[in-house]
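Read through the structures below before going on.
What follows is a pair of complexes built around chain A, which joins chain B in one and chain C in the other.
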Partner chain A sequence: MKPPHAKATAAEPSAVNAVHDSSTRSFYEADARARIAGLLDRASFREFVGPCRRMASPHLTPLDQPGAFDDGVVVGEGLLRGRRVLIAAQQGAFLGGGVGEVHGAKLTGLLERAVTERPAAVLLLLDTGGVRLHEANAGLIAISEILRATLAARAAGVAVLALIGSGNGAFGGMGIVARCCSAVLMSEEGRLSLSGPEVIETVRGVEEFDARDRALVWRVTGGKHRFLLGEANLLVADRIDAFADAVLAALDGLHESGDSLVALEREQTRLSQRIADYGDCRDGLEIWRRQGIAEPERLPLLDTAEFLAAAATRGTPCN
Partner chain B sequence: MQLMPLLERLFPLGHSILRRDDVFSGSARTAAGEVTLIGTANRREVGIDDALQLAAAVLASTREHPQRPILMLVDTAGQRLSRRDELLGINAYFAHLARTLELARRRGARLVTLVYGEAVSGGFLSFGLMADQIYALAGAQIRVMDLRAMARVTKQPLDKLEALSRSSPVFAPGVDNYVRMGAVESVWQDDLAAALLAALARPAEGDRRRERGAERGGRTLACDVAAAVRAGEA
Partner chain C sequence: METLRFRFDGRQALPAGEHHALVGVVASGNLEVLLERLPLDGAMEIHIVTAARGFGEIWQAVLGDFAARHPLRDLRISINDVGATPAVVSLRLSQALEALQESAP
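After this line comes the complex of A and B, so read on.
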């Protein structure tokens, strides 16, 4: 086994500074490549089917939509604090991180590689609204393939982690994929759900969901609410190195072997209990109050450490 | 086609279902043995309660008869659009349903889907699309969104999209497009009971949708791109 790469470079002050700079910056503000560079040990990343292959989507040109040579997702392998990982990062700025034929096939191929390569983990840095509507049918099928490949990798004993701390969050079919992973790591900036608030407002009306009420959107889909509900396993500060710490924390004590009948029956009970406990709620505030958190209105204002301290006072188990 | 006449044509030897609203589960007899049934009717918008009801039926089938095939009968207009369902984590409920189906497959159950009405987006992703083989009736409809909504999102004139959809299967709704892209194995007509028996007799072969999409010319890149990444090509 190789020694941790970080130790190998520790003798060079300039290199250490470079690593420090890129890893302490905001995960939210960074783009896909900067997130990978900040998470992985310096110069350890090797990209698969990178931009030099010019594997752009063929379905955008007829719609006069410029393509991208990586089709909006960067995939490859590298070392995270010495551990060999496969990693994928979606480019949220390119068509909202939408999944099309090529984009989806890169993710599926990476998850399939995990079965033979057996890395310490597959990291999915999600930044997506789900299906790319310009190639909707291909995107829907691709997400179904990603979903099955995620579950297959886990059944083969490889942990798959979803990292969500980006502008688009993880919505649509990729929100389903996130919860098919071994664990979900979020920052409070991250959002995780299925239908976008704009879609619900358009179809059901503003009284059902006011998509412009950002505080409300956050209380329904944001990282803090998902953590309090037990949907995110770990909540971290918005720093790339905090996500790296969380990956190691999540992998410690995780022995992936796919879902068992006992585990899924427990999940069935947990999700049923959640409806019994909170099925009449329409705002995160109501749920947090029922969880016994004092002054739930202040939760959105707390920084991550203060929030985690407040969350630890929950009287009822999170469902 | 309506659910009751469909069940009669699929199962001349008899069936028994429990239906709550437009979500049902149960079992049916075929010449090849019993099958578990789960599904939706009347273009049901699938919400968190529905996903749990379907997952409970899959778990019960896996617990009591792990080898018994599961037939999914799909008629859904998509996921329920509701703030309450999003608040409680509808994506987690859908993921749970998908995970119960994956467990059933790994415990030896064949998973077969028949789209007999509509199959739209999220509601379809978490159950019907999890099958080893997916079939559709000729009159069925599969889509992510209709072409008019797509014209709005992509800021393209509708007539241009209509023209493009004649040459490309990737965005326009329709069963035939999903057949070309490899997601739907074939369209069933006439003797549905015989078609089901033939589907149940086929060996499970993993997820071969990309290969079929390439063979049929509807999805020409996915198979090769995934293979290149799998091989670690630069």
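After this line comes the complex of A and C, so read on.
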């Protein structure tokens, strides 16, 4: 579902021609295969363990549920504006993009391949609620393997980028994976968090978090808020080509080297400061106001360019 | 869950295009359709796994209609279904066939 504050996209002059150009399509509306097709150079994608292999989940049949031929994730290699990348895209409509044993193994395998092949980047197009509950233990183990493989790829000098602009966003264990990536690229439609809104409401009550308040959900988990908190490195418009531009911008600004202990300690300090600065806030709005943004209540209504201009005025405490 | 198999004799060779095509998604009211070019003695074979039991006759009708419109040879159709309506099944089959015939993007 679209966030309630999302504005209707104005037709651009090129919209008529754009119908046949998959790269200007909405990232949000596209499915996993369409996202990959739109991001990569034409005909450059080569899938690993494709649907004809029928590597479906072994855990769904005993539960009397049909599986998917690709177990809900497409992995492979291709060229993004001429740079060789490994890429994975989760199919959010299949079991909420949940990570099961096979799904997870495909992601882990892709990341491990990056260590030996050294592509320009590994792109993870996340669209997931986290662990697939049907495969609880296998899914949890898969998440830990994905985490380890992500860090191993980064330690080998390969950038791992999380692209989040989908309906499910990145929650649960895959929210953790996203934050272990070299960079997170989001659109305002994307969401990133650990426990999902419904989970929080179920466990802690509606006074803690009203999952039906869609505007609140996006003010707390949405791309704009994640950008203002410094968790999304780049915020882009909801177009597949905008995500491609952001990948190049992120790669040009990244250096996967240096002292990881120093970086970890810096991050720990930053997070400690953040909880001290914002720990009592109940809503993204309060944080934005505290960041010194004028008229913070208008932020959800701004398009990406206007929002970035408004966000640039924020002062400390910033992140 | 129920597994169904159908086999239709084909009369037309498949037009050139991709080796396989996958469309749709395994989600409520939806289905995924995988088409593969395979030597099947001139037949079109259809293999369905569906979450909804007891709809064999309706599958027979929908697939018979598709096979009548497209009596294709040497094509394997594999379907994972979660209760898609006959109209959705027909649209997905047509979409899959279109995707199979597309020249590489």
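Just so we're on the same page, the second predicted complex is superposed on the first by the 296 of 319 C-alpha atoms of A that agree within 3 Å, B and C clash if a C-alpha of one lies under 4 Å from a C-alpha of the other, contacts with A are read in each partner's own complex, and residues count from 1 in each chain.
The working rule: a contact is a pair of C-beta atoms (placed from the backbone, for glycine too) under 8 Å apart; a residue touches a chain by one contact, two chains touch by 3 or more.
Values in this document were obtained by computation on a predicted structure and should not be read as measured data.
Peer 1: When the two structures are laid over each other on chain A, do chain B and chain C clash or fit?
Peer 2: Taken together on chain A, chain C would fit alongside chain B, as the superposition shows.
Peer 1: Taking the superposition as given, does A:G169 touch the first partner, chain B, the second, chain C, both, or neither?
Peer 2: neither
Peer 1: When the two structures are overlaid on chain A, which partner does A:C52 contact: first (chain B), second (chain C), both, or neither?
Peer 2: The answer is both, since A:C52 touches chain B and chain C.
Peer 1: Could you tell me if A:G279 is touching chain B, chain C, both of them or neither one (first, second, both, neither)?
Peer 2: first
Peer 1: Return the chain, chain B or chain C, that is in touch with more residues of chain A.
Peer 2: Partner with more touched residues of chain A: B.
Peer 1: Pick one for A:A43: touches chain B only (first), chain C only (second), both, or neither.
Peer 2: second
Peer 1: With both complexes superposed on chain A, which partner does A:G190 reach: first (chain B), second (chain C), both or neither?
Peer 2: In the superposition, A:G190 touches no partner, neither chain B nor chain C.
Peer 1: If we overlay the two complexes on their shared chain A, which of chain B and chain C does A:D31 touch? Say first, second, both or neither.
Peer 2: A:D31 sits against chain C, while chain B stays out of touch.
Peer 1: Quick check for you: in the superposed arrangement, does A:G97 touch first (chain B), second (chain C), both or neither?
Peer 2: After superposing on A, A:G97 lies clear of both chain B and chain C.
Peer 1: By the touch definition at the top of the document, which applies to A:G222: first (chain B), second (chain C), both, or neither?
Peer 2: So A:G222 meets neither chain B nor chain C here.
Peer 1: Thinking of the overlay built on chain A, is A:F69 touched by chain B (first), by chain C (second), by both, or by neither?
Peer 2: Once the two structures are laid over each other on A, A:F69 reaches chain C alone.
Peer 1: If you've got the overlay open, could you tell me the nearest Cα approach between chain B and chain C in whole angstrom?
Peer 2: Closest C-alpha pair between chain B and chain C: 12 Å.
Peer 1: Across the two complexes, find the residues of chain A that touch chain B and also touch chain C.
Peer 2: Looking at chain A, the two contact sets intersect at 50, 52, 64-65.
Peer 1: With touch defined as at the start, can you tell me which chain A residues reach chain C in the complex?
Peer 2: Interface residues on the chain A side: 22, 31, 33, 37, 42-43, 50-52, 54, 61, 64-70, 72, 91, 93-95.
Peer 1: Which chain C residues qualify as touching chain A in the complex?
Peer 2: 1, 19-20, 22, 25-27, 30, 32, 34, 36, 49-51, 78, 80-82, 104-105
Peer 1: If you look only at chain A, which of its residues touch chain B in the complex?
Peer 2: Going through chain A, the ones touching chain B are 46-50, 52-53, 55, 58-59, 62-65, 75, 77, 101-102, 104-106, 108-110, 112-113, 116-117, 131, 133-145, 147-149, 151, 155, 170, 172-173, 175-180, 192-195, 197, 199-200, 203-204, 208-209, 220-221, 225-226, 229, 231, 258-261, 264-265, 267-268, 271-272, 274-275, 278-279, 281-284, 287.
Peer 1: Give every residue of chain B touching chain A within the complex, in rising order.
Peer 2: Residue list for chain B touching chain A: 48-49, 52, 55-56, 59, 62-63, 79, 81-96, 98-100, 102-103, 106-107, 121-122, 124-126, 129-130, 142-145, 150, 153-154, 156, 164, 168-173, 177-178, 181-183, 207, 209-210, 213, 219, 221-223, 225-234.
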